[in-house]
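Read through the structure below, which is laid out as structure tokens, and then see the notes.
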Amino acid sequence: MMKGNKKKQDLYWYVLIVLLILIPFIPQVAANSFTQHVLILILLYASMSQAWNIIGGYCGQVSFGHSVFFGIGAYGAGMAVVRFGLPPWPGIILGALLATAVAILISYPCFKLKGHYFAIATFAIVEIFNRLFMVWYWVNGALGLDYPLVEVGWRNFMWYTTKIPYYYGALVLFIIIFGIVRFIEKNRFGYYLRAVREDQETAEATGINSTMVKLSAMALSAFLAAFCGAFFVQYNLRVDPTMVMSLQVSMVFVLVTILGGAGTLFGPLLGAMILIPLQEYTRVLWGGLGRGTDLILFGFLIILIMVRQPKGIMGLVDEYFNYKKMRKVISAESDIKY
Amino acid sequence: MIYFLKKFSLILLTFILVFTLLSGVVLAQEKVIKIGTLFPLTGSCALAGSRCKAAVETAVEVINNAHPECDVPLAAQEGILGGYKIVLVHADHQGKPDIAKTEAERLFNQEKVYAIVGCYNSACTNPASFVAERQGKIFMCGCSSSAALTERGLKYFFRMAPTDKTESIEFCDVMEWMNEVKGTNLHTIGIIYENTEFGKHAADEGKLAAAEAGFEVIADVPFSPGATNMNSEVQTLKAKNPDVVFGACLGGDYTLWVRTMKQMDWLPKMCLNYCTGYQDPVIAQQLGDDGNYFMGGTGYSPEFADLMPAVAAVENIYKTKIGPSVPFDSDSIQEAVATFILAQAIEKAGTLDYDKVSETLYANEWDSPLSMGGKVAFVPGGQNAKAMSMMTQLQGGEYKRVYPPELATHDIIFPMIPWNQR
Amino acid sequence: MPLLAVCEISKKFGSLVANDKISFNVEEGNIVGLIGPNGAGKTTLFNCITGIYKPSHGKVIFNGLDITNLPAYKVARLGAVRTFQIVHSLKEMSVFDNVLIGAYLREKNTEKASEIAKQCINLCYLSKMKNTRAGDLAIGLKKRVELARALATGPKLLMLDECMAGLTSTEVNESVSLIKNLKDKGITFLVVEHIMEAIMPIADKVVVLDGGIKIAENHPEVVIQDERVIEAYLGKKYSKKLQIATQGREKDA
Amino acid sequence: MSMFFQVTIDGLLTGMIYALVASGLSLIWGVMDVLNFAHGEYLMVGMYVSYWLGFLMNIDPLISWIASGAFCFILGILTYKLIIRHCLAGPPLSALLATFGLSMMLKNIALNRFSPNFRILTGTFLDGKKIIIGNIVLPMPQLVTSIFALVVVFIIYYIIKRTRLGWAIQATAMDKEAAELMGIKTESIFVLVFGLGGLCVGIAGGLLPSYLAVHPEVGGLFGLIAFVCVAMGGFGSIPGALLAALLIGLVEALGGFYIAPVFKYVVVFGLYLLIVMIRPKGLFGW
């Protein structure tokens, strides 16, 4: 029975990928670059939130500090292109490694803290990094790095007139990160992550080195986050501290994941699918009014979802399936009775 | 309650859906030129953004309809190119460069706007104008002040306002002039600026200009915008005690700065401000007596009426859009200028072809009653070579022209009157 | 050589002495009961052995290795696995996943680990509620999940901290027979217990603590005769009852 | 040397304001284990109430803090009744995110209703008054606000430690079920605590316009610093929050002056990290 389930799930996954590959061929999408933009953002934020989900959702360590890793990745790519005139790739790799190192260095002491103390410590870390990058001359401080006009194409990972390659770039990111998490979820590491989330003492008593588990989760999460950051900067062709390394940026990742359902594989995707279009389209519709109408609505919806379904949209989905299952059970029982 | 929330959310979702569908339907209208505006309508620069937006709306109102009371180009006729009306599409970039880029792309690709006017924040103008340049479309920039913007060699980018560089040099000129004519002994400079793209640019240019003119910058005080207090910043200035302070603090930070100086009972001899909170007439009004004797570069103020007689009539229209007590300020008026110049160029070129319009823009010197000096002309890179600003000093809550001497109406009150003698 | 040797363990919290020089051995294949009234220091001693606390003084030797200062997870990896007095089930996860986490300690491969988990679940009579959320179970079942998870790690020594407190008498009986079963499979037990009826018949040896000091260590039947134990813990009435019960059983035999 | 004293005093004055903002947050956190993200926005709302009273009816902030406090008290209660109550059942994060949504809403409603203008109250009673001792300047608006802050924090502390109500709050904080068994209506305690939290920050908001400009974004950094104060002080400890706030004010001023103004918040957050590394539950945490 397990095997069959697995095969079915694999099938869904491959179908999803094929569908995503085919989306740009829909004429409406191909013609509308804003739709493409929204799709790219959905994939990017789903990937980024999934990276956060590893540590925040599965392992239960709610970090508001992920914009630091996102930002380091972004600066890696940005510095390679702007400061050294190289293609972004070496910068991306270096940035990702650096982000991992930073993640390990700062989270090792922070893991001593629990609950809200950990969350606030990560706030502080973001603020410190933000302000240091603001004055760090080598990375251009508050001025940020603006991309020069360089040759378009995969070598520089840069296009001006079309968004389709960006879409596929984001898709690759999405497949890699979701694939990794899918793999983890079904294997020992994933179970260990959840064990640490549920009860650290029990995990330790069961032979799990919880510090090691948390650290490796953080390192992996930061590594993947850095890639997302690099993609973000290649997409926007500019990087400055407020744009990639601030609490608001971190908040989006957390929101997307929680909204979709933390600690679930498809939570981040669902969250991004709802939140990102909402954010983009409300801005398009009402942003021009200049009255913050879009953001009022956005805030209201966040409250609404949290109040109605604290477990996120995946909670809703689960509830629905449980309800169906329950009905089955009940009808089966009634069959027996009568 | 829950029931209410449930119902409400349902209604809301329906609304979103309907609007999304509707937004795709372009109202068929002939003879329309769509122009996009891109300003920070929310976030910390929302105030300035909403004024800029209103200024562009004012300009379009004047261009589209017959306004014989306004003595500006295109006011008398209705529309341009023989009846084309300008329709504005507004967008909000929230002060974020990534959103600015996205919105610029959306305006060009989806809304099919002809050109964009924007973006106030230099950090946002930069990526947004790249989008325009790549597509070969025109980007009109009113008041973004970073000098770097027009040093990129773009072909379709035009900026009206003077840059930080111009202003910095002017500041130093004022100091030299004071030393020469009034025999003051101004030598040291302190720079206080918000640590953002804007502030950093301004401060860098200020330092360059000071070095060139032989002044010494002894205090370099960046601060984080939106601070809860500015005690340490002002204390640092007070401890170094420079003769002159260059300030680049926007809105709320500006008032906090001024009031903190008051509380700390300190003032420099002279205080020169970039186009910042100083220029905001509403802030000047609110600060009242505390705001007096500060100086700064100003592109427009109601007190300039005799210099720029044509503004008043336009300003009346502007006031209907933004509020009866808000006159133009140096930033917003530049956005109106940008809109006028674009319309004039289209009218003169007689076509909507981008290359032709761009060539026309470069080839001519434009009448611009809303600009100080009355002329606009572009040099390669898109900078308005005729951009000017005057040094003003707030005296009795009004921006008095104090420099250059040939246009001045009042003397500089020097040094600034100490707090306890006001 | 004993499987577990506790040598002169002391633990102080500030000025409070929770354990004072306690020593005893657990022989392989035995069930050893650790009893004593509330506040006698049983759980503290447990925590010292399993590496959650660092003892102020003394040594713990497990299987010939000094495990005194090892962190909890290393102790568990060596094969000394514990359960908790207050149940710590992983409540958002299913019963099966709970046990699977234990099984992963010995087996990295998911399929093989699942096999082990299944066996342990069957062994603990949990197969019916395999897919239930552990947090939704009744207290008795939660304790059994704890046991199954500990069991799945393939321990040499299982240390149960009051695994029968708060259970109904049927559940206690089930647990007792379960422990007996497991003992037959070669697992050694160290059991902290309050319920005398449960522990006395199955234990090979009991260690009695009172006020942080070991006051007796011997076969249960001997211990209940011990004056100090009776005074400190059992109360005379109860000890008599128990004597009668044991005599009755001997007669039956 | 006089500069050092001046800077120290500035720091302490700022710290006391932080203490007032943080004490409300500390109360909520301590009793309910909820981090209220909208706390800074409560401050903003309080400031607007005070500003409009001053602007439209010429009421001095020295009086209108009562109205701001009351307004934020009600706001706190509403927040609890409409939002927090429903989130408590879910994961701990959901309440935090709901209040994040609330903060977004409040900020933009303020933007919508009052425009993004910076608003300043001039001609208030304290405006520009100061005491000068030697070389040291004591600005009256800050001084009076700080004294107010200190008094309010002490009153709240007294209520918690010495009154029946306070004991009920403490009992609820320690163990909700046990408190319920003792006959304490924990639901009303929660409502009250949220109200009190709002009250503290409302009073701060009422007083601040005497020297700070009001605008929709004003609460952000205050809220963040309040978080840090509370975490540094320790779980729900009001003396802890007070001490932490003073420390933060001091470090901010000294660091800002002797290192560089741009680093002042780096120093603050760095100090927080350092302390929390040594005492993971904060200065007064247990």
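Lettered A, B, C and D in written order, each chain numbered from 1.
Please note the rule applied: a contact is a pair of C-beta atoms (placed from the backbone, for glycine too) under 8 Å apart; a residue touches a chain by one contact, two chains touch by 3 or more.
Model, not experiment: these values are computed from the prediction.
Enquirer: Keeping to the contact definition above, tell me which chains border both subunit B and subunit D.
Expert: Neighbours common to subunit B and subunit D are A.
Enquirer: Farthest chain from subunit D, comparing Cα centres?
Expert: Chain centre farthest from subunit D's centre: C.
Enquirer: If you tally the C-beta contacts, which comes out ahead, A-C or A-B?
Expert: Ranking A-C and A-B by C-beta contacts puts A-B first.
Enquirer: In terms of CA centres, which chain lies closest to the overall middle?
Expert: A
Enquirer: Just curious, how far off is subunit C from subunit B if you go by their C-alpha centres, in Å?
Expert: 76
Enquirer: Express in whole angstrom the distance between the two chain centres, defined as the mean CA positions of subunit C and subunit D.
Expert: Taking the mean C-alpha position of each chain, the two centres sit 49 Å apart.
Enquirer: How many angstrom lie between the centres of subunit A and subunit C, each centre taken as the mean Cα position?
Expert: Result: the chain centres lie 43 Å from each other.
Enquirer: Taking the mean of the C-alpha atoms as each chain's centre, how many Å separate subunit A from subunit B?
Expert: Result: the chain centres lie 37 Å from each other.
Enquirer: Where in subunit B do residues touch two or more other chains at once?
Expert: Where subunit B meets two or more other chains at a single residue, that happens at 2, 42, 46, 50, 195, 222, 224.
Enquirer: What residues in subunit C touch two or more of the other chains?
Expert: none
Enquirer: If a residue has to touch 2 or more other chains to count, which residues of subunit D qualify?
Expert: 82, 86, 108, 111, 262, 265
Enquirer: If I apply the definition of touch given earlier, which pairs of chains qualify?
Expert: Here the touching pairs of chains are A-B, A-C, A-D, B-D.
Enquirer: Touching subunit D in the complex: which residues of subunit B?
Expert: So the residues of subunit B touching subunit D come out as 1-2, 42-44, 46-47, 50, 195, 221-224, 226-233, 235-236, 239, 251-252, 255-256, 259, 262-265, 277, 282-283, 286-288, 290, 419.
Enquirer: Considering the complex alone, what residue numbers of subunit D touch subunit A?
Expert: Subunit D reaches subunit A through residues 29, 33, 35, 82-83, 86-87, 89-98, 100-109, 111-112, 224, 227-228, 230-231, 262-263, 265-266, 269-270, 272-273, 276-277, 280-282.
Enquirer: Write out the stretch or stretches of subunit A touching subunit B in their complex.
Expert: Contacts found on subunit A: 32-34, 37, 131, 134-135, 141-144, 146, 149, 160-161, 232, 236-238, 240, 242-243, 278, 280-285, 287-292, 294-295, 297, 301, 304, 307-308.
Enquirer: Quick check: in the complex, which residue numbers of subunit A touch subunit C?
Expert: Per the stated touch rule, the residues are 2, 186-188, 191-192, 194-195, 197-199, 201-210, 263.
Enquirer: Using the touch definition up top, name the residues of subunit C that touch subunit A in the complex.
Expert: Subunit C residues touching subunit A: 50, 52, 71-74, 76-77, 81-84, 88-93, 97, 100-102, 104-105, 108, 110, 113-114, 149-150, 153.
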